[in-house]
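What follows is chain A paired twice: with chain B in the first complex and chain C in the second.
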Partner chain A sequence: MIYEVFRQERKGQAFQHAGSITAPNDAFAEAYAREQYGRRQESEALWLVARTALREIHDFPDELQKSYHRVDGYSLKAKLKEARERAGTTAPADR
Partner chain B sequence: MTARETEFKDYLQGGGQVETGDWMPDEYRARLVKFIEMHGNSELMGVLPEREWILRAPTLQRKLALTAKVQDEVGHAQLIYRVVEDLGKPREQCLDDLISGVSKFHNVFHYPTKTWGDVGVIAWLVDAAAIISQKALLKCSYAPYARIMKKICWEESFHILHGRDVVLTLVNGTDEQRGLVQEAINRWWGPLMQFHGNPIAAESDPMVEWRIKSQANEDARQQFLDGYVPQIWELGLSVPDPALRKDEETGVWHYSEPDWDELKHVVTGHGPKSQERLDFRRRFRDQEAWVRQAVLTEAA
Partner chain C sequence: MRERAQRLLQIADDELVLGWRDSEWTGIAPFLEEDVALSSIAQNEIGHARALYELAARDLGTTADELAFDRAPEEYRCAPFVEVRLMAWADTIARRVLYEAADAIRLDMLKADPDPELAGLAAKMDREEVYHRLHAEMWADRLREEPRFRTAVNALWGQALGVLDAELAAVLAERMPEQLGWTPAAAVPAARDGHSDGFRELWDDMTMVRRSIPGASW
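Let's look at the complex of A and B:
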């Protein structure tokens, strides 16, 4: 069986994929993972996940081009310029 | 080359990275397997010259450190073979090809470890030469390999320090101990200069084209010379090459042409210790077969 190993380096940090190991069962996987990724106190915690248990997603379609829920969907420059002109003000940095 | 292959190459040249499940051209996969497998073989065979000195280490502390280094290298072999396995070549097959001489391992692991001085010089300078190549592999286009290289480089730094500590202890000792280091450097210099390979131009190296490697062989050798020759000289030790000097204007090191025939001869299994060490692997593979069997039966 192949197990993917995720490693947390310090408390509070995200777990990162570190590599994979081959082991005949969970007990061996645990022993091997401890030896490979924890024997120098370099890890706070490890997650071992059987590769067959992982669900992968690779495609994220955006058929509707939903720019309204992203920051790049908002270009304020021209509108701001117009608003300042109407208000008779200048940009804060120019004052 | 098909349009898809050209597109793939362009993607790599632009810094793109590839994951296990991604589509890749057959040639890219084949080159990855050959290169990474040889790296795995070298880690596995590389412990044998050092293993011989575990029982003869001068102090308990040294024995523990050397054992830890050997464990690290075997661990690297396991991680690396795992990567090869995901590319389609099972570990058992890698081991078969290693012991039958079909695949190769690095030149420096075909030589004897005559004295404790050799142990220090191997851990210091051979590991230093290796870490230069391995650091360049952190940028490898095949991401799973690049990722494990991070851990490998981290552990190699301990090896270099351990080796340098052994060497410093010896040079601060008796004349005889100092002699052990000088003799070891004399023995290892040739193989060390051959280690990074012949100076093939990066533009004509297919390994660079696929961005498996990103460093030209000669660049690696220059980096090694620049980093370590001054460290050897500052200890009052000499390097057995009368032509060795740094051109201060260009920053380039000049040296006698390494013996490329020796390199070829050695890596094809004709080094002084090649067959003995392969025999060792063959013997242990048979001898420990029952352990693998027992583990798999137990787990089933």
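Let's look at the complex of A and C:
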């Protein structure tokens, strides 16, 4: 079985994916995770999740290309430049 | 003080030599996770040996390195059980299971010792041994029905009893069937006198670098 290991570096921090281990059962997985991710006091806590218990989603339709919905935002730079050129003005100097 | 040093040396030699033998699996264990786990356990055992040698060295007016690497082969006090080179995984696991059971009994006794230095060191070692025992027990559990594992335990049983003195060996003999879920075939405890045939070769390898430049400061 494959287990995904998530590691918390310090108390209160978010757990981050650390890697995966192969083990025949939970007990072996725990022992191996301790050896690989906890032996040098590098972790505050670990989460072990059997890969089969993970639900993966990776299809996110975007047929209409609504870029303003995206996390990278609605880029104004090119539009602003175009408008300034039309109006014959320049960008304000840095304050 | 010399008596305490002799006691310490016996345990230290066991830990060093078993750590050495188990570390021979580094890079070639059956799968990667186990390779990491066994190598790490082997390294822990060698770390325990160092701590024990350091305490003994203070009593004897020498250093841990000199005790670990500068003695003649016949001066080592380790049990034949830890010296044998085991080439099969089932054998190695059988030895780990038996050694951890014996070592737990020995550590319990040391932890209760009136000598605070001995008891303190034993308590420190025991905190790492918890994981060694976890590792050994889960393997014993997994291989319970495996004939190769049973054969290996039976073959090593007499030597394993020889790790402890008679009184503690009786505790091991009582405890092992419960832990294994079956009773090993009766065997005569192997005395801790002299060394097995392979020990000289192990000693040659183990002390090779140290002997290459005698007296060097590393």
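We adopt the following convention: the second predicted complex is superposed on the first by the 61 of 95 C-alpha atoms of A that agree within 3 Å, B and C clash if a C-alpha of one lies under 4 Å from a C-alpha of the other, contacts with A are read in each partner's own complex, and residues count from 1 in each chain.
Here is the rule we use: contacts are C-beta pairs under 8 Å (C-beta built on N, C-alpha and C of every residue); 3 or more make two chains touch, one makes a residue touch a chain.
Computed from a predicted structure; not experimentally measured.
Superposition of the two complexes onto chain A shows a clash between chain B and chain C.
Look at A:Arg34: by the touch rule set out above, it reaches chain C but stays clear of chain B. Of the two partner chains, chain B and chain C are each touched by A:Thr22. Comparing which residues of chain A touch chain B with which touch chain C, the overlap comprises 21-25, 28, 35-36, 39.
Those residues of chain A that touch chain C in the complex are listed here as 21-25, 27-28, 31-32, 34-36, 39.
Chain B contributes residues 21, 71, 75, 78-79, 82, 85-86, 91, 144, 147-148, 151, 154, 295-296, 298-300 to its touches with chain A in the complex. Those residues of chain C that touch chain A in the shared complex are 31-34, 36-37, 40, 131, 134-135, 138, 141-142.
Chain A makes touch with chain B in their complex at residues 17-25, 28, 35-37, 39, 42, 56.
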